[in-house]
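Each chain carries a letter (A, B, C and D) given by its place in the written order, and its residues are counted from 1.
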């Protein structure tokens, strides 16, 4: 299966459809069923104590998984998250970007299922684990 | 079991420990094992299409559940979310605040388990469902 | 919305379509969007230590939620579980049946979302919490 | 980190502590943070239609994840599942064993977090995905 959107196409989609997100997120790598997304961590993503907040990690996983699906089916803005589950396992490193490694586990007619591991850049152990289900437009 | 923190104490804690959140969230009601939290929806919480974003709903559930636990155990800033799971069921209404109704299902020595239903104000059917586990400090 | 199946119709469906389950489960109550299911606990449901096993609780929640959906849409054997999440909060009581109280939170064209609390009979505090998503046949 | 229990020690533990499970499950491979478990599928594991039932897949993931943790910490029968989440993605193949590939993502003092992919033997695409959290004994 060829990719429907490459890295440049995904970034252009993000800029046009999610302008408020385009400064936070960068697609690092994309391949069939795989995508790595970077969150450029700024003060806006932190919680008290200086670590990346839960909602920011949720957003990173959600955008990364969304784009991993679009890379395979093309720019369909109507795909919506129906279920999201996250385990927060370790404290993110202060002052480091986060990287989210997505796997597409199922791409069906109606539902897509993906999971992801989230890392503080430069660290071997994952900070968080996420899985999400998306409902796909007809 | 008496409440360790009432509505005023919870709002004071939010203002001192989460100053960036204090303009977004209001504790509407609190009782033993129950709390209702309001998200004052502004443009910052919206996603393309004008509905409340997933990360904003995650934040609403997370803050509401956190304060429901603190209402019972007192102001311990070290409680951390270890697991969060959300089902997004309906589109939030545009231009409406959201209300999050939390239940504390278990308050153990080490873990607390809660769930919540999220509503657009004035609508009978829930927009989303959340459950979260918190690890409690010793 | 009237019920498509009452208690007797649900039990008849269970006996015809899930004969291996009919001795374990009893529909106690059913109403619009609500159902209570009993697991008649026998040695087959126990794990070492004498408490009800995780797979038995999973089965109780799955069957209870399935029948709560069928009560509203009629006997469609093709509904399938797509996502299941459980929190195990307390040890089930030894030698007690378990009761599962289901709520239907969303009944859409394609997906149904439900949650449930599981109790050891006669105890006030829930043993487990479950939520499940079902994909509905066309 | 050396393994605390090898394949033979894990199988001996299963036979002594979970005698009802010892005929169903086989540890195929174990390494640091990894384990592959086989479910020897028999009629007892099937649901109407002839595919492996949800509770059987739950049991496979639960036993596989449990033994992956014990392989690292030794035979502590008191570890208990606190959260389990599964996505059922494809129909299991009829008449095939199932294999469960576990990863240990975090092994903390109090909690362990793992995930797993479940396959019908001989098929490339996973049938289900699971993640579980275990509470560890002191």
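Here is the rule we use: a contact is a pair of C-beta atoms (placed from the backbone, for glycine too) under 8 Å apart; a residue touches a chain by one contact, two chains touch by 3 or more.
Fair warning: this is a prediction, and the values are worked out from it, not measured in the lab.
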Between A-B and B-D, name the chain pair that shares the greater number of C-beta pairs in contact.
A-B
Taking each chain's centre as the mean of its CA atoms, which one is farthest from the centre of chain B?
D
Could you grab the centroid distance between chain B and chain C? Build each centroid from C-alpha atoms only and quote it in angstrom.
28
Cα centroid separation between chain B and chain D, in whole Å?
34
Measuring from the mean C-alpha position of chain A to the mean C-alpha position of chain B, what distance in angstrom results?
23
Which positions in chain B are in touch with at least two other chains?
82-83, 85, 87, 89, 133
Residue numbers of chain B touching chain C in their complex, please.
85, 87, 89-90, 105-106, 108, 113, 115, 117, 125-126, 129, 131, 133
For the complex, give me every residue of chain D touching chain B.
82-83, 85, 110-111, 133, 135
Per the contact definition, I'd like the list of chain B residues that touch chain A in the complex.
17-18, 47-48, 53-56, 58-59, 62, 77, 80-89
